[in-house]
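Take a look at the following structure, please.
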Amino acid sequence: MFVAIVGAGNMGAAMASRLLAAGHRLRAWNRSQEKLKPLVDKGAEAADSLLALAEAEVIISMLADDDAVRGVLIRDGLLTAMRPGTIHVIMATVSVALVREIAPLHTARGVLYVSAPVLGRPDAAAAGKLNILAAGAPDAIDRLQPLFDVLGQKTWRFGEQPEKANIVKLAANMMLACAIEAIGETAQLVRSHGVAPKDFVEMLTNTLFAAPAYKTYGTLIAEERFSPAGFKLPLGLKDVRLTLAAGDAAHVPLPFASILRDNFLDAIANGDADLDWSALANVAKRRAGAK
Amino acid sequence: MFVAIVGAGNMGAAMASRLLAAGHRLRAWNRSQEKLKPLVDKGAEAADSLLALAEAEVIISMLADDDAVRGVLIRDGLLTAMRPGTIHVIMATVSVALVREIAPLHTARGVLYVSAPVLGRPDAAAAGKLNILAAGAPDAIDRLQPLFDVLGQKTWRFGEQPEKANIVKLAANMMLACAIEAIGETAQLVRSHGVAPKDFVEMLTNTLFAAPAYKTYGTLIAEERFSPAGFKLPLGLKDVRLTLAAGDAAHVPLPFASILRDNFLDAIANGDADLDWSALANVAKRRAGAK
Amino acid sequence: MFVAIVGAGNMGAAMASRLLAAGHRLRAWNRSQEKLKPLVDKGAEAADSLLALAEAEVIISMLADDDAVRGVLIRDGLLTAMRPGTIHVIMATVSVALVREIAPLHTARGVLYVSAPVLGRPDAAAAGKLNILAAGAPDAIDRLQPLFDVLGQKTWRFGEQPEKANIVKLAANMMLACAIEAIGETAQLVRSHGVAPKDFVEMLTNTLFAAPAYKTYGTLIAEERFSPAGFKLPLGLKDVRLTLAAGDAAHVPLPFASILRDNFLDAIANGDADLDWSALANVAKRRAGAK
Amino acid sequence: MFVAIVGAGNMGAAMASRLLAAGHRLRAWNRSQEKLKPLVDKGAEAADSLLALAEAEVIISMLADDDAVRGVLIRDGLLTAMRPGTIHVIMATVSVALVREIAPLHTARGVLYVSAPVLGRPDAAAAGKLNILAAGAPDAIDRLQPLFDVLGQKTWRFGEQPEKANIVKLAANMMLACAIEAIGETAQLVRSHGVAPKDFVEMLTNTLFAAPAYKTYGTLIAEERFSPAGFKLPLGLKDVRLTLAAGDAAHVPLPFASILRDNFLDAIANGDADLDWSALANVAKRRAGAK
């Protein structure tokens, strides 16, 4: 398939490489051009201009945030350049409000819009092990399925309104952040009572909480190994903001998310912005007066 | 081994049955005597009096709460009746403060005290599948190990100070309650955006959260199946209280536990006291104005 | 002075009337023109077009929110129409971010920008009893002072950066919302213990809390008199959002504001959107299971 | 009147002096006897023993906490020594649960029990400026009124069930702690945006919040003058605990009190236990990364 990708950060690049390896024609664009080099070496076409992406059959967006999407789509004109029948799929984490705003703009132009945010980090993308959360017109998703099968181990469909996939993604990330916070608080509770967090976490992740999320973050927190960061604290805060905004829009109080927000701010204010978001555990530790 | 058990509620009875089946001599006592009947049918001795338990080599307490323990041990004199060298092991969930108070009273009398609260419900006890969290004198735990091997699939040791096992148990229960609350909030978030909680939970528990705790409670919440209760809401509140008290004693702020406390109160105040503690999810739903 | 006012809602109209009564020439504009009628009857000029406001020496904005300000200033071109030396003063509650964004745009055109949000409701404006929180170039504020003296009982200056007045206004409103929530929770606490909230509030507001904020809201809450609304719940939520956003921008955790946010959402989700923001007390009552 | 007082700490001593000055016969007891010296110099009788207090017509308790009350009344036998018709009035802050427990014990002995906690510090007691919150049998309060008139500027009656006065006292203290926290958060919010908390507080306490509570604590927080302590942080935490327990007993969620609890723990864990409870503001400051 002729696929274009806009945004070649860690995640976009991993996905692009995977698609190339599977034999798809891939045209890529990135605001800073040097990021395209490694992809070109693997057979990608570097787009002359953003608008050149519009020639592809499928355009995948993997941009940093809502602003970047608005910039590319609206201000820089990519949406206007897209042709009827093209599929545009945003696979990054963006707000529910953005999707509600731009989906009808696509429809008005005859472009098919699909939301397909993913669970998994760049290494999972490179290994084709993502979990893909998809929502949009079923036939558009059907057409995307061969690409999704290259990128992910499974595609989970959540209906025809694209923003449904986005709310599920935000909810899943909130679940992760809640798990981190819960481990952080309990790790400090047992530490303050003389139990090594490591012993507590080992028991937990081999019994009730024998799940990938807990094994990964439980270990990082028990060993206080917050660097190098797999997912930096400010990105966690960004997602919590989107979650709270989605809750606000539907009048859903989210007390756990409110705690997360305050603790992410505390963490960043106290110098942990470059650490992995599991460093949220430092907040619980610092507040308990532990060194 | 000659084992006595004080407290033959659902959990105590299941444990007693298991020990009997393994060939141990078992003497049981319960405040309401009729609960002993089924155990006697299985070969247990019904203790004539509470103090008759003191003849056993090992005394297991499986009482409802701190007050019940204080009543039996102090007021009704069981502790005074125990002989030097006897092992007393509390396997129920009690407060850290209680253990700190009573452990030295045992030592003063030459009685060995061990804390060994468990993870798992009566059915796990009956099947010998508990996880046992043990702390106390190592040789006392060694002597208990054959019993623990009958009751549990694994014994996790947390050192010589008995209360360390209790803090780990409270922390583990707090983790469960946090998982329930997080699922409850996100389930409502996606529901308010038109996604069926069932679809969200199914995805989650087959990916990042493929753990027993999430499968169990995720399903109950998605299906709103809060009755019959495996563990009633007021028991969850009781444990949260103990956790907050343990945090307080060590000056550990626990913002997630504070939210849990308020939400358990909300749930009980609004009529859900007889439901399973996963009905905490009703609070998130009700607060979002959903029916 | 030749004054223009954009936005003739309850607050803008009261301020305009006051300025007219003091002998100032006043030109007014409002998106729905019929609101201007009563002002014209009092001697105001109804602006033919938004841009006709630019002829005034001072332009006062009293618009509903950030979006309305952006619409009028940027999209509809009022800012471009303003002449060097003109003073533009926003007296409504807007975000810190908006002021940071638009203040330099004014400077670039030689227009003087001042932030001067107010404490007080329309009746206080009509009586010239507002408290005015002002920040911006001192000489611009000096020029505005005669107008402020007509509108307010006192002008409080907070320095040269206009957004400082806005942060103070948001902080003051947060204080009010915190007072409402605190009264709401304690009123329910005493009610659940058989004490009439009225008796509690009467004692409080005649002793430690003998302040206007507490007398006003304490009485409304004790009497559950939430309608007619002096300031509707969704407006309170709007301000809390702006406060949280300002905290976020400076990495300041605001746990009380987070609670407020969730409770405002709860209140609106449960049907109280048309009530006064003191109806936040209904949330505490409902959560305690009281009728 | 022949009055006995048990507990001659700062508060008890100030009240005793005031009663002596008004011409009442006063017999005092304190666990550490040397505290009685200054009172004896003013004409008080130092009780030979605790039980000697039982000869008085009215016994005032001004002890530190529930445990001290239980110790004196039950364990050391003061209650048993009291004669029918005697009035026992606890004027310290104790739990609702304690009052519910001991009030019937008084009734059973024919002793009249009244709860009369106070608002005001030792200097207010010495000046007869307390506000007295009273509940109990009306005729018992009538008999106490002459004493109350010496100690306080006003007596507020809350009905016949003694614990009603205690719940009102706890609610009033929670209001104070909420005011402190709200000032602390907003002071940090404006500080992080370049506004001096002093300027913010000055405006606030001269407008909407022109109340004693805000003037006192606003100034302390703005000037960061947390020592010498008028009321130490751990005492504030003690009262919040009693408030949360009272809420728990009646199933009243108290989210603001939950935040207070965590922040008091944070403050104490981080070394501020000897400071005034207004140092709660340090938590907001520290969490925002400010020095």
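The first chain written gets the first letter, and so on, giving A, B, C and D; residue counts start at 1 in each chain.
The rule we apply is simple: a contact is a pair of C-beta atoms (placed from the backbone, for glycine too) under 8 Å apart; a residue touches a chain by one contact, two chains touch by 3 or more.
Being a predicted model, the structure only gives us computed values, none of them experimental.
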{"item": "Each chain counted as touching chain A and chain B at once", "value": "C, D"}
{"item": "Chain whose mean Cα position lies farthest from chain B", "value": "C"}
{"item": "Chain pair with the higher count of C-beta pairs in contact (C-D, B-D)", "value": "C-D"}
{"item": "Chain centre separation (chain A, chain D; CA means) in Å", "value": "52"}
{"item": "Whole-Å separation of chain centres (CA-atom averages), chain C against chain D", "value": "38"}
{"item": "Multi-partner residues of chain C (each touching 2 or more other chains)", "value": "247, 251-255, 259, 262-263, 265-266, 269, 287-289"}
{"item": "Of chain A, residues touching chain C in the complex", "value": "241, 244, 247-248, 251-255, 258-259, 261-263, 265-266, 268-269"}
{"item": "Touching residues (chain side chain A, partner chain D) in the complex", "value": "255, 262, 265-266, 269-271, 287-289"}
{"item": "For the chain A and chain B complex, residues of the former touching the latter", "value": "96, 119, 131, 133, 154, 156, 158-159, 161, 163-164, 167-168, 170-172, 174-176, 178-179, 181-183, 185-186, 188-190, 192-195, 199-200, 203-204, 206-214, 243, 246-247, 250-257, 259, 262-263, 284, 287-289"}
